[in-house]
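Structure in structure tokens, see below.
Should a chain be cited, it is by its letter among A, B, C, D, E, F, G and H, assigned in written order, with residues numbered from 1 in that chain.
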Amino acid sequence: MEQVKNGKLGVADAVEKLRQLPFEDIGFACIDHHRQLRCGLPEVIFCPGKTTEQIIQIFQRLAERGGNVLATRAEPAVFEALSKKIPQAHYEPLARAITLEQKKSEPSKHAIPIITAGTADLPVASEAKVTAEIMGQRTELISDVGVAGLHRLFGHLPKIQNANCLIVVAGMEGALASVVGGLVSCPVIAVPTSIGYGASFNGVAALLTMLNSCAANVSVVNIDAGFSAGVVATLINQKIESAESGLK
Amino acid sequence: MEQVKNGKLGVADAVEKLRQLPFEDIGFACIDHHRQLRCGLPEVIFCPGKTTEQIIQIFQRLAERGGNVLATRAEPAVFEALSKKIPQAHYEPLARAITLEQKKSEPSKHAIPIITAGTADLPVASEAKVTAEIMGQRTELISDVGVAGLHRLFGHLPKIQNANCLIVVAGMEGALASVVGGLVSCPVIAVPTSIGYGASFNGVAALLTMLNSCAANVSVVNIDAGFSAGVVATLINQKIESAESGLK
Amino acid sequence: MEQVKNGKLGVADAVEKLRQLPFEDIGFACIDHHRQLRCGLPEVIFCPGKTTEQIIQIFQRLAERGGNVLATRAEPAVFEALSKKIPQAHYEPLARAITLEQKKSEPSKHAIPIITAGTADLPVASEAKVTAEIMGQRTELISDVGVAGLHRLFGHLPKIQNANCLIVVAGMEGALASVVGGLVSCPVIAVPTSIGYGASFNGVAALLTMLNSCAANVSVVNIDAGFSAGVVATLINQKIESAESGLK
Amino acid sequence: MEQVKNGKLGVADAVEKLRQLPFEDIGFACIDHHRQLRCGLPEVIFCPGKTTEQIIQIFQRLAERGGNVLATRAEPAVFEALSKKIPQAHYEPLARAITLEQKKSEPSKHAIPIITAGTADLPVASEAKVTAEIMGQRTELISDVGVAGLHRLFGHLPKIQNANCLIVVAGMEGALASVVGGLVSCPVIAVPTSIGYGASFNGVAALLTMLNSCAANVSVVNIDAGFSAGVVATLINQKIESAESGLK
Amino acid sequence: MEQVKNGKLGVADAVEKLRQLPFEDIGFACIDHHRQLRCGLPEVIFCPGKTTEQIIQIFQRLAERGGNVLATRAEPAVFEALSKKIPQAHYEPLARAITLEQKKSEPSKHAIPIITAGTADLPVASEAKVTAEIMGQRTELISDVGVAGLHRLFGHLPKIQNANCLIVVAGMEGALASVVGGLVSCPVIAVPTSIGYGASFNGVAALLTMLNSCAANVSVVNIDAGFSAGVVATLINQKIESAESGLK
Amino acid sequence: MEQVKNGKLGVADAVEKLRQLPFEDIGFACIDHHRQLRCGLPEVIFCPGKTTEQIIQIFQRLAERGGNVLATRAEPAVFEALSKKIPQAHYEPLARAITLEQKKSEPSKHAIPIITAGTADLPVASEAKVTAEIMGQRTELISDVGVAGLHRLFGHLPKIQNANCLIVVAGMEGALASVVGGLVSCPVIAVPTSIGYGASFNGVAALLTMLNSCAANVSVVNIDAGFSAGVVATLINQKIESAESGLK
Amino acid sequence: MEQVKNGKLGVADAVEKLRQLPFEDIGFACIDHHRQLRCGLPEVIFCPGKTTEQIIQIFQRLAERGGNVLATRAEPAVFEALSKKIPQAHYEPLARAITLEQKKSEPSKHAIPIITAGTADLPVASEAKVTAEIMGQRTELISDVGVAGLHRLFGHLPKIQNANCLIVVAGMEGALASVVGGLVSCPVIAVPTSIGYGASFNGVAALLTMLNSCAANVSVVNIDAGFSAGVVATLINQKIESAESGLK
Amino acid sequence: MEQVKNGKLGVADAVEKLRQLPFEDIGFACIDHHRQLRCGLPEVIFCPGKTTEQIIQIFQRLAERGGNVLATRAEPAVFEALSKKIPQAHYEPLARAITLEQKKSEPSKHAIPIITAGTADLPVASEAKVTAEIMGQRTELISDVGVAGLHRLFGHLPKIQNANCLIVVAGMEGALASVVGGLVSCPVIAVPTSIGYGASFNGVAALLTMLNSCAANVSVVNIDAGFSAGVVATLINQKIESAESGLK
């Protein structure tokens, strides 16, 4: 039959791969165990909307698999309850992140710079940092270098111009992403934050600024999505480093 | 009576001033003849929503008073019709502005820099320029120095750091206003433009960026409002120059 | 080379200036010490999103430089903690502003009128007032003269018609800025406030009103941005006064 | 049964009235013949989205009933085609309204003032005027008295302070409704128009201004809804006049 | 001079009237004493954004004038404090309104029906009711007759079809205003409420529904603005009744 | 009369039916007793905006009629108070629903699958489940099978491909509805949830995704409207099952 | 392995089904041939954004398979070009739909009522009608029965109360869906249309009204999505009718 | 001085680099010649808002430098005029892109897959393709594999799972980005397109979907920003390939 696509065999193979992916259904959650196998992604729990009990139960199942575990946006009370069951877990209060590092990887050769416009953007930057680090990346935090005082940014130019990729975290008008984007030749992951007031509309102003960046090397993640930025930057850095080491 | 405010006499005086302001009712328009007397503002016609006939008729009445006249957002066809009646009128196509200069004033001592992020912002910048010039200001257009290539802006630093006030015109992400605001110590009038696409939302992104500017010396006018920016900058420059010359 | 721009030398100079600007990196914040030198701007801390500890630490560093310090949007608890370390600091509860005045400047000759539409707009007006005053300006608060009772505004006409520039603070429909703008020939800095309910959308209605003002001498700052309005008005008034005194 | 409401008889009567209302189904439209009987409302056709043929056919059916007919937002081409079939129909180009007056009523004793902020608001004001007039009202158009030049409005104060109700038509920032509302003690029907640009968002700015009016006697109709304003004002004026003449 | 408008004398008179309006400046508030004289409007305080002390102080000044006073959106704690100073004041908890009735007027002949779509709309309806009543109107509350069960509305048809004007209060989809508007021939004042969830956007859905009503006798006030609806309805009813009694 | 529609008799009959529908006016609420008679809908109370006292009183009246009663979005404290009066009432905390099952119906033959993208969507899914079950439906909850791990969904394909209709509950980007819609040939009721952060805008992102679904068998209810989804799915399933059993 | 889910076999089967679905890649489009096999859905082309040549080529491929073909939102010029290649194709101008009926199915026993609020909603209603009909459904169009004249709707009550499901098409305020939803006990598919002006925001007002419907049997499709409504209603009606005939 | 930062020397160096960047001021545009030198970025012109004359003039200056030139969003008429001056320029009509390839680079080893949800997304995908190709990348276009027919996507799984990074282009609900993101372990650049109607709001729905993607490896560019996606993907692929070849 001529209407049947040639690549059919490929489909079967691909689907077969999908089908055999391990996951585990614990009633209220389907735990996905194949992510870590594939690309070093930790097992991740997004806490809001889940009860403390659900979070602990999912965390335990993930921990049993032996890999690293990350729970984002966890309130202190959640960690307090969880640490009684899993005492090795660690809490980073600024990032509101719980981590369990069971597999230490060699730290990455290149550090990922994480640049913030203001001090108030630190919690989001911190989430990106924790995320990248639990995935084996070195990071370098460059804080409070917003565009109203460009000279503060210039002190860090050498560092940011040598990076494989950059994370820029900014609220209010979010202009830092464009300025940094114009100064470097690597991909810039921009994270708008909900810092600001009035017409910042909880981060919408910064989000729009970044989406409309006249620097074409900028791509954007959700408002306050430090986690996503950490993942995207890690994936880029990992691929480059494994290419360098010929492991790819 | 103790409830009556002391300043009453002042009220009477002020109201008296208001009452005696000359205006002229020509049926569809109330022409306001006192603005020019007061502060050198030209008589101004905002063309959209008016018929060509209405525009010409208002323009003629204003012209008869002997002052300068400015019509903004005038389509070429409007000018063509109008120039048959008022041959001395001039058309600036980029700004879509018709001007009639009947009273030449001494050009201002300080020039007002008008800075654009991109070439596409020129029409709005041009409206600001025409407006300031018909009010007697010298202007200096600095074009296409957007934040994705900061070095282009730096060539103009001396000029912009000596100005009494600045106009910054930018679309897309509008970050130029914040960057310029951080480099100078004078008031910056920011004009968002509708240049851009997608999430620029016809200038909303640039507007929000400018309103949320982390540089506190930035104030903002409406999207594409080159005219307003020209007026505000002129008023500031005029007041400083008349203070300098002791005329105030 | 003909492609090389003439102004190059100027670039070098300007960049040199930027490069030598003093700042201080204390880990979570890059403190910018050159603003006050340049134009009398106080050192300013925007408190939201910063921990009390961070605020105190930044405040102390700024205070050590000997200039005036302003912390905006500071909750009473922040002041309470801070005043133990810096007993000379002063708190203005309505404005939620902490000030430390270490350098008294001669009060400005012209007062800046700050006009509010309603009593509920006072906190924002108060922030503008505190900001302008710590920068050496005299201010005059004209409160509760919204457009639903125009006669209340008329009592103040003489004062507002003699000002170098005006601040108008209004929530709800924000129409006061246009009305005042039509009565004066100086720049009007309009501050929309989040006062109102329903379709005021936390100040968006007032913001849009002001941006669309048919009075062309109105420029706008962010919703509730009393601080920005205070800065812009101060810069205008300062420039005019130094021109008058020939100090410019 | 005790759960059955007492007012039942009233329901039956009311429903009976509804049931007997005459209407006529011509396939694509259900023509409603009872409105005119009830309160002097003309038969009305809202033209957008209807084909010229549909408009003519509905207009003819309505005309056959002998009352007055009004078609709003009719393009000139529609009128041209319609006037061949119904030569007595009249077209008001500014309002884009077609009228057929078959029943002349005594003109109302009180005129309804229709006040516009600018010349560009005239088409919407005109629709309100045509609507009120075909319903037997006298109107008085007061044009171009926007808040940037309050003295133009003051010339009309006696007229507007004696009205039974007022229509205020304004685009851009729409502040005129609040100012007028504060000067009178009758209901004000505010009509925002789509006149403006940039952050006027096709009338949204004016709409929000009017909804948030600090003058409590203001109620609002849809953007550009001259027709609705004309109807509401007519109903108020009619009721007062019939009370005066004891006909009610 | 031919440019001077004829109506000038009228201007002087009108301005004279404005000028002599009594008001009282107590620092943070300009109290407007002429409203009650003119049209029976009570003195009104909108509480949000004012401190308890400010509210009490304004309330006392207003009370001293001898007329009726109304404070809207007053929290119970405000009333508790106020009632110690003014024991005759009354609190309506559902409406969150404080009233002081010092001048009893004859209740109106016609009652104003206030119709709600659901039980949750009662607080807003209650504010309208309190407002109308302190201005001397009789009201009739018809509750919970939303469009999902039309038969509940039909029981009240006789009452609503005889009214001079109607208030319709509805949240969620706000369709009740259109349905009622289609059943009556008097003006309908529609009040959207913030009742609902999800895509009701705190009353925006109901607001848009009402603004787009296909019933042309509907005009709209702000979301939750029971007070405005009460004022507009009162003004209409008052004018009709005074016409009836020949007092106008 | 030829203009009178033929179907008139039908109108009379229909109106007669409407007129005789039982309802009960208890002052603040009009209780509608005919819904359950008609189609098995339980009596339902939407709790937000009602006082606990009002909820209990309405619940009691409904319970007296002998059918099933459902109260949605009831806080635990409401249930606590209510259960003292009606001890047989049951509370489902996840769904925040109170149920009183007085009439047990035969469970439906076909189960309605309720599919959630994530664990945090369970409360909304739970409301749909409780709603469908009190109306006699069997349901099957398939949880946490979002599109970022499609293999988790594939394990449930047989179940979902045999259903009469499906409910899909998803927050964040809401893509699950489109994916499921493409895999089945029955109607899919999509429920966006307010789960997410930043640019999810409390469910708006998921709502828009679902409304724009490229799968044409998807229709959408309000954000978090588990109740509506439960009702629509029940009505579809009921009609099919009664057709199967020839009862229709 | 205990982590492996039981339903695995089902997965394999389901995936196998997916894998074998016929589709055809013609470079710019992947034509999906399995939809019709599954549930009688016609092959459908959404025309906007496709060139006339692409549309014709896809249409021809679909036609060769022998089933019915539907192209929605096709401009007349597209049909003109297409009909030269496929002369049996039919064009419904109001719906802008091209149909090719190659397989006549028995018309459905129950008609699907399609109810419009106004004449201007007919194009969208027409798209729903064409869609349902090419899928074998009988439809009944009930036009122009909007809520401002409820008596027009009542004439059709018997028809709409006997339907298996209903489509309601309405623009402007979209209230018809709630009113109809309250009168029937079957699922109502609501289609908001972009008919209206001003604050209708091209259908957003109607969309929000329908999403917030207080009638719980209403679900909603995209603005102007007559096609989706036709599909959803068809699926419901088909399932009920095949249950009735025991074919399911 | 202890307040002076250590990294100062680095600042000087970095600033020096900035200062020496070549650019060329041709009056209306500042042409930036250093981008290509740095990272292989072509010289790029964004055409909207520029006159044909401006575009040609900028294009010629860029071409004289000998590198590759790209003009995006160029209307056919622009190309027609330009090709008379620069006959070697090439036009890609679907992408509306003009290219001038003067420097052929070795094509990249890895192809960048560009995946579209529908045929109508091809213009945007095409812009991404042209952009990546002029920067030396091989691309692979996978078209029309939207989520309503997942089996079409599965045929391409092997290709997309081996890529270094992916571009996903989708309008309407934009769900494809999340689905693809969940199937791969490389960065996904998501491009929302303005394809759709109604509540797609010209691409906003797809934009929000992608920003809220539950797949954390997705980052987003502006609506219709094929160019930005092409740049970001190229930068990632280039860095990986130069790492592989040890050239970095």
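The rule is short, and it goes like this: a contact is a pair of C-beta atoms (placed from the backbone, for glycine too) under 8 Å apart; a residue touches a chain by one contact, two chains touch by 3 or more.
Everything numeric here is computed off the predicted structure, so don't read it as measured data.
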item: Interface sides of chain C and chain E: same vs different residues, half threshold; value: different
item: Listed pair (C-E, F-G or E-F) duplicating the A-H contact set, over half by residue number; value: F-G
item: Identity of the chain that, by mean CA position, is farthest from chain F; value: B
item: Distance between the centres, which are taken as Cα means, of chain F and chain B, whole angstrom; value: 57
item: Chain B and chain D, separation of their C-alpha mean positions in angstrom; value: 37
item: Set of chain F residues in contact with two or more other chains; value: 5, 8, 11, 15, 18-19, 23, 25, 118, 149-151, 154-155, 183, 198-200, 204, 207, 211-212, 222-223
item: Touching residues on chain G, where the partner in the complex is chain F; value: 5, 7-8, 10-11, 13-15, 17-18, 38-39, 41, 44, 151, 154-159, 161, 164-165, 183, 185-187, 189, 207, 211-212, 216-223, 227-229, 231-232, 235-236, 239-241, 243-244, 246, 248
item: Interface residues, chain A side, partner chain B - complex; value: 117-118, 146-150, 172-175, 178-179, 181-183, 196, 198-201, 204-206, 208-215
item: Residues of chain F touching chain A in the complex; value: 118-123, 143-145, 149-152, 154-155, 171, 195, 197-200
item: In the complex with chain F, residue positions of chain A that touch it; value: 18-19, 21, 23, 25, 27-30, 32, 34, 46, 48-50, 54, 58, 73, 192, 194, 202-204, 207, 222-225
